[in-house]
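Here the chain labels run A, B and C in written order, and each chain numbers its own residues starting at 1.
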Amino acid sequence: MTDIIKLTVVLTLTGVVAALLIAFTNSKTEAKIRDQAIQAQTSALESIMTPGATITEVVGTTENGLPPQYWTGVNGSDTSYAFKTGSFGYSSTIVYLVCVSSDGTIQGMSILEQNETPGLGTRVQEIISNKYLWNGLFSKKEESSPWFTEQFKGVNIFKPVTIEKSSGEWHKMDKESREKLLQNNGVTAITGATISTRAVVSGIESQAKKYLNAIKGNGL
Amino acid sequence: MGNIAGLIGISIGAVLINNFVLSRFIGLCPFFGVSKKLSSATGMGMAVIFVMGLASSFTWLINSFILQPYHVEYLQTIVFILVIAALVQLVEMALQKYSPSLYEALGIYLPLITTNCAVLGVAIINTGLNQFTGAPFTFIESVVNGIMSGIGFMFALILMAGIREKLELADVPELLDGLPIVFITAGLMALAFLGFSGLNFFS
Amino acid sequence: MIKENLKRGIFSENPIFVLLLGLCPSLAVSTSLVNGIGMGLAATFVLTCSNVIISMIKRLIPDKVRIPCYIVVIATFVTIVQLLMKAYLPALDKQLGIFVPLIVVNCIILGRAEAYASKNNVFKSFIDGIAIGLGFTVSLSVLSIIREVLGSNKLFGLKVIPSFNPMAVFILAPGGFFTIALVMMLIRYYSNRKKV
């Protein structure tokens, strides 16, 4: 009998101490974890909006198909809108910010969250570098954005977006064929990750279009 | 019960497309440890299916009715592993008392299951989003996911054990003999399972 | 003693290639070197802390509830690592995903607690934790380098071999199994040669 009490006391004490330790760590890191997400979103927003635009956050109601939250960037007489949308890819929800001008042309895109297959779907965030390990590691980091989202610039969301699979990936194309691709309102697929590519495109075609229409329809 | 198609989707996903062992890399230790003989592979597989089904239902209930309402999701890991450890002990004791024959068959594998990452893995996956609906798992979905992931595990384990029994008789080059050839076999199986990855039911 | 311990952790008792422990995380996260090192260091932290705590409290715990107590200690440190990673290394945390909480069931950690920390003093357990943890990190890095170079021809986002067309299969699941078989073969080849 005393044995049972002793065992119970020891286990309970271990559990209580453990829970207290975790709760303490949580209280120290909670604010920081929340900050991280907001910070990532803000810097992504700044990178996709026209440089110099004044960004205002609009927390709307979800009535009339409006997004729960969106951003407007005013630069002189031009206004662009940015929304956060997500669509399910191969193994995760791909969450991204997309910035469009009022005629529906995509000005910039940035992927915030994804957990796709390493080596295939994760390449939606791949940054191509032409530097080699032995001379690039300690030199200054070059600033460049992922090619997959870069190719969406200039695509119009009011027209159907075509996915080009046969011409190879965008980063390997020359300027001429990139222009040709854009005339067809097309983007290239990631080799071996067609599902992830299609998810991003269909998210833009359905959700972004709906949001932009709703904002314009409400006279904003 | 309106969503039978969704449940079938989860089942095929768990057994073939996202097979725990061959494409998610979860539960590898028993996959290599207990696959020498077909009979022990079957026993281990059954025990894992049983515990995974139970663990999925218990952890789902605890997560939805205790952890989430009180906003203590950060205790998830510690609570889940304790629930699984306790559950395995209870199952072991219950089997020993009420079904000695079943205990005889599964008993020796049960202690191994506490530290089998497949069980904790499915519990954590069930707290995320359902791949097919994009919404959180419902109770039935998570139980089906648990059992089906267990079946996927057993499927891979039995295939492996069958191949390994034949491998014993084969003349393998010295450098590859033993574990390396088993890993290569597993790699070829994973390659075959990669073929399922294009399956898409709902579009 | 420290040197001996390190040698043991990295070579003769290497957790992945010799003892075959902790296979799940080592195959799943070795798709890139950054992930591999991150996982290795996270596991080293948990292993060292839990080794120290367990060797401290080993006399207070009755034998019957030994394993549950060890699991609680390990799970506590895993959760702490998880929270710290979410706060300070969010990108890495997302990449490692489910394998951070799964450190709890990494057989290496419970194995060391049971086989070493419960029998040795605090200092020795601390050294053992670091040594085995480093062995795990080094093996993970070896796997990751092979897989990332062959599979995407990149390390730290930079190209490695000029005009080499990467074979994506090495990043995918089958490649993980092939790579581990390859490394085991190489180890066997060299240890056989030494004997002769």
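In this text, contacts are C-beta pairs under 8 Å (C-beta built on N, C-alpha and C of every residue); 3 or more make two chains touch, one makes a residue touch a chain.
None of these values were measured; they are calculated from a predicted model.
Centroid distances from chain B, each centroid being the mean of CA atoms, peak for A.
More C-beta pairs touch across the B-C interface than across any other pair of chains. Distance between chain A and chain B, defined via averaged C-alpha coordinates, is recorded as 32 Å. Here the CA centre of chain B is 22 Å from the CA centre of chain C.
For chain C, residues touching at least two other chains, in rising order: 68, 72, 75-76, 79, 83, 172. Listed for chain B are residues 74-75, 78, 82, each touching two or more other chains. Touching two or more other chains at once are residues 15, 18, 22, 26 of chain A.
Within the complex formed with chain B, the chain C residues making contact are 20-21, 23-24, 27-28, 67-68, 71-72, 75-76, 78-79, 82-83, 98, 101-102, 104-107, 110, 169, 172-178, 180-181, 184-185, 188-189, 192.
Touching chain C in their complex are the following residues of chain A: 3, 6-7, 10-11, 14-15, 18, 21-22, 25-26, 29, 32-33, 36-37, 40, 113, 115, 117-120, 127, 129-133, 136-137, 192. Across the complex, chain B meets chain C through its residues 22-29, 32-33, 74-78, 81-82, 85, 114-117, 120-121, 124-125, 174-176, 179-181, 183-184, 186-188, 190-191, 193-194. In the complex of the two chains, the chain B residues touching chain A come out as 18, 74-75, 78, 82, 129, 131, 134, 197, 200.
Across the complex, chain B is touched by residues 15, 18-19, 22-23, 26, 88, 90-91, 93, 195 of chain A.
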